[in-house]
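In the two assemblies presented below, chain A is common to both, partnered first by chain B and then by chain C.
Then we have the complex of A and B:
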């Protein structure tokens, strides 16, 4: 009896969480010109309109470029920072580590305003570079957390063995350390990309005039009217932000089974 | 020319001195063991030879050339680590080939030399597997193959047997020695296990608290320990306060409580010049128990009581009481062992004893 209740309750919670998502996906295939029930027929019409909407396409391009650049820069910096913090004795390593992780702990709005005020103080104008910098600051902690955890698990012995066999420190990094921490590096890059692609709070503060990312574009469109196009856009976003990490995970798993578990 | 020469090496970490001034020469093809408890500086010394640590003072030379400034990857060394340290993302063959790729070895030769190395360690068929698919002992053999395939100037072994099971450890010990003999590579072996050190080495360097206690071949270090530390660390020893009466006719005579006067061969008491306080070192294996009343010639006999019996399979370790002192004796079991509370004759041959100067330990 008690368990039945728990089951029912759990089901209710999940329904509450995921029903809106399901509704968005479902309505994106609605033929009606209102983005709401009742369904009048099944159609790809809104996806086609989406694909022809210049503003949205531009936002998509911006988001993808921004996300990729954020991922590359964040991952590179994150790997370097993790290496320094884990492999070398850096004075004040604990403090640096805390500082690097801090952006997760500080509310995003605070971070966004702070960066904006700081740049205002320096008389720097808003630009795409600034937006990118903001995203890097915001995604770096995730990369560092993931990569650091992995690096701690890679024994120094293995690197020392490689060097004793004649590999220079750089060759050791590319031959041994990097391949061994690749799953974490890939996970970090995926995190960075998805977080950047998803982000709206910071982006609203940092983006220069005329530049829209997908989330800010949706936000702007919602202010005018609720077009069914938004449902279609939502579906695409869900596919990207849920599908990419799952894909990454699957690839990582396949890579590790190939190695005999 | 010696293969490795350490000259006045010192290593400090801040205020802590890990290795006090130390000099050592390792001959070409020699098998030298650094033996001591953890924290004695043996691994630090090995890592300095490897180039993984810089000595604070002193000079390290390999084949007559100073290598202090030479980074590890240019020293041409083979290192085997305690935890194997195989590359998990490479196959066994790729692991073994790794060092060859950084040397001018033609592609066709690489495959042949890898196969030769795998045959040397008696694992010719595992080249395609990943390290995880092998047992601990097999992984350590691969690590050894990877270290020797590059024909290193010096082979450094950092407690390579410690991670293995007891049975496997003894097999690997024999195997390791066989391979070292066969390829004749100069080897420095670090261990805290005295039986490994005694079984494998040409020369043992006993270390304690960053200092070298004694350097010598296994028999010498075992039979004539030069300090109380060495006597206690290698095997079970009974150490008795005694007084030396003098040195004459190749014998040093000691007056030992409970046992009376014992004439120790002078070669086994090299540090005792004349009369004065001394210590008698009695190996537990050299104290024989017998039924009361037995007294062979050329031996000293005292009466004692068995307090505790520690059965070890083919041998028994007895804890004895003689007067007010406790002793250890390790005897092979032939016939029947003694039991707790038995009165026994404790027999000791003076030529099996060694002596150290007394006073400060």
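Then we have the complex of A and C:
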């Protein structure tokens, strides 16, 4: 009996999580003028209008460039730091770990204000640079956590075997360690990209006037009323942000099984 | 240089880019806004450099700020409680299910990947004047006219729960999944009922996960300003909204600094208390 209740409750929780999202997708195909019920028919017109909306396309380009650059920088910093923490006996490792994940322990609004005011003091105004710096600093902890968790799983035996067979440390790193690390690196980069792509809290503080990322563009559009275009944009975002990590996961799994890691 | 010395230096070379980034882009800026909070906003031109207590006096004594701070903590507390009540049984189900745990967990994590702003605005489609609820209620004749169900404190909490629930479920799941199931069986064989075994064995052992999830829900909930802007009414501002107003709208950066630091102090105190009693390790498990 109790178990049935738990099962039913869980079903309700899943419904609660998915219903609003499902409605966004459903309404994005609504033929009606308005972004609301009733559904008057099935249509792709809002996706077509979306593809012709210059402001939204610009926001997409900004978000993608920002996300990619964030992912590259954040993953580089994160992988190096994780290697140090996992592979070496560093004095004060716990303290260092805490320092490195501090950006997610500080409320994002506070981080946003501090970075904005400090960089402004250094004459770096609201700009793409500020936006990038902000995105790097708050994605870094996630990259470190994800990469560290995967790195622990790589056995040192393989590296030692390579070394004992005469490989130099450099050769060992590039031919053994790096390929084994690739799933971890990919997971970290994907995480950084997705978090950057989705961010609005810090972005609203850092973005220069006139520059919009996809989330801030949606936010600005919400000020008027909820148009069917927003639902269509939402559907595209859902496909991107859910599809990409799933794809990444699949690739990572494939790579790790192929390499037997 | 000896091999040992080089070996000892290597990790620091690897760590230095990340550590300098965190120092330069987080710690120095935080110290900077402490200084900035003692400056003074001037009507025109640059803010006045100096040591003025005006901003702190305003932030700490004005009942307007105090009331909103208390209300923010209240909203965060209710959100956390609702997340725990909804999330615990779901996490328990996933951890104890005989089906495919990975798929069940992945399903619940999917919304976590879906854009925060999309998930927040999606409630307008459900509860808005022409949303799903109103349409359904009018179609079956319960309502004659659409009712505005949005833009109040309840919908702010609803939006926050929808945003934060996956954090709770994940943390509780990690904790429950690590409990040896033989313990429950042992309790049962010693005469405990299923319910007793749960409340006296499983629940206490899963408290660290519940606490980690609770901390995340509370801190993330109390620091938000987007959800109240999208799903709240004009009187539902949370403390982070005040920060946003001061910094972006009024351009009163010294006051904005003081307000940010107040929020940091309150939420930071919670993190420190948590760290003192439970340690950060549990939190890392849930996040990684």
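In this text, the second predicted complex is superposed on the first by the 231 of 261 C-alpha atoms of A that agree within 3 Å, B and C clash if a C-alpha of one lies under 4 Å from a C-alpha of the other, contacts with A are read in each partner's own complex, and residues count from 1 in each chain.
Convention: a residue touches a chain if its C-beta (ideal position, glycine included) is under 8 Å from a C-beta of that chain, and two chains touch if they have at least 3 such contacts.
Only a predicted model underlies this, so the values are computations on that prediction, with no experimental measurement involved.
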{"item": "Which of chain B and chain C A:179 touches, first, second, both or neither", "value": "first"}
{"item": "Contacts of A:220 with chain B and chain C, given as first, second, both or neither", "value": "neither"}
{"item": "Touched partner set for A:136, first chain B, second chain C, both or neither", "value": "second"}
{"item": "First (chain B), second (chain C), both or neither touched by A:65", "value": "neither"}
{"item": "Touched partner set for A:158, first chain B, second chain C, both or neither", "value": "first"}
{"item": "Partner chain(s) touched by A:201 [first = chain B, second = chain C, both, neither]", "value": "second"}
{"item": "Chain A residues touched by each partner, larger count belonging to chain B or chain C", "value": "C"}
{"item": "Touched partner set for A:168, first chain B, second chain C, both or neither", "value": "first"}
{"item": "Residues on chain C engaged by chain A in the complex (per definition of touch)", "value": "10-12, 14-15, 17-19, 21-22, 25-30, 32-33, 36, 86-87, 89-90, 92-94, 107-108, 110-111, 113-119, 121-126, 128, 130-132, 134-135, 162, 165-166, 169, 194-195, 219, 222-226, 229-230, 240, 243-244, 247-248, 253, 256-257, 260-261, 263-264, 267-268, 271, 280, 284, 287-288"}
{"item": "Interfacial residue positions of chain A with respect to chain C in the complex", "value": "2, 6-7, 9-10, 13-14, 16-21, 23-24, 27, 34-38, 76-78, 80-81, 83-85, 87-88, 90, 96-111, 113-119, 121, 133-134, 136-137, 140, 142, 144-146, 148-149, 194, 197-198, 200-201, 204-205, 214-215, 218-219, 222, 226, 230-231, 234, 237-238, 241-242, 245"}
{"item": "Chain B - residues contacting chain A, complex", "value": "50, 52, 71-79, 81, 83, 85-89, 98-99, 102-103, 129-130, 132-133, 143, 146-147, 150, 156"}
{"item": "Interface residues, chain A side, partner chain B - complex", "value": "155, 157-158, 160-169, 171-172, 175-176, 179-180, 259-261"}
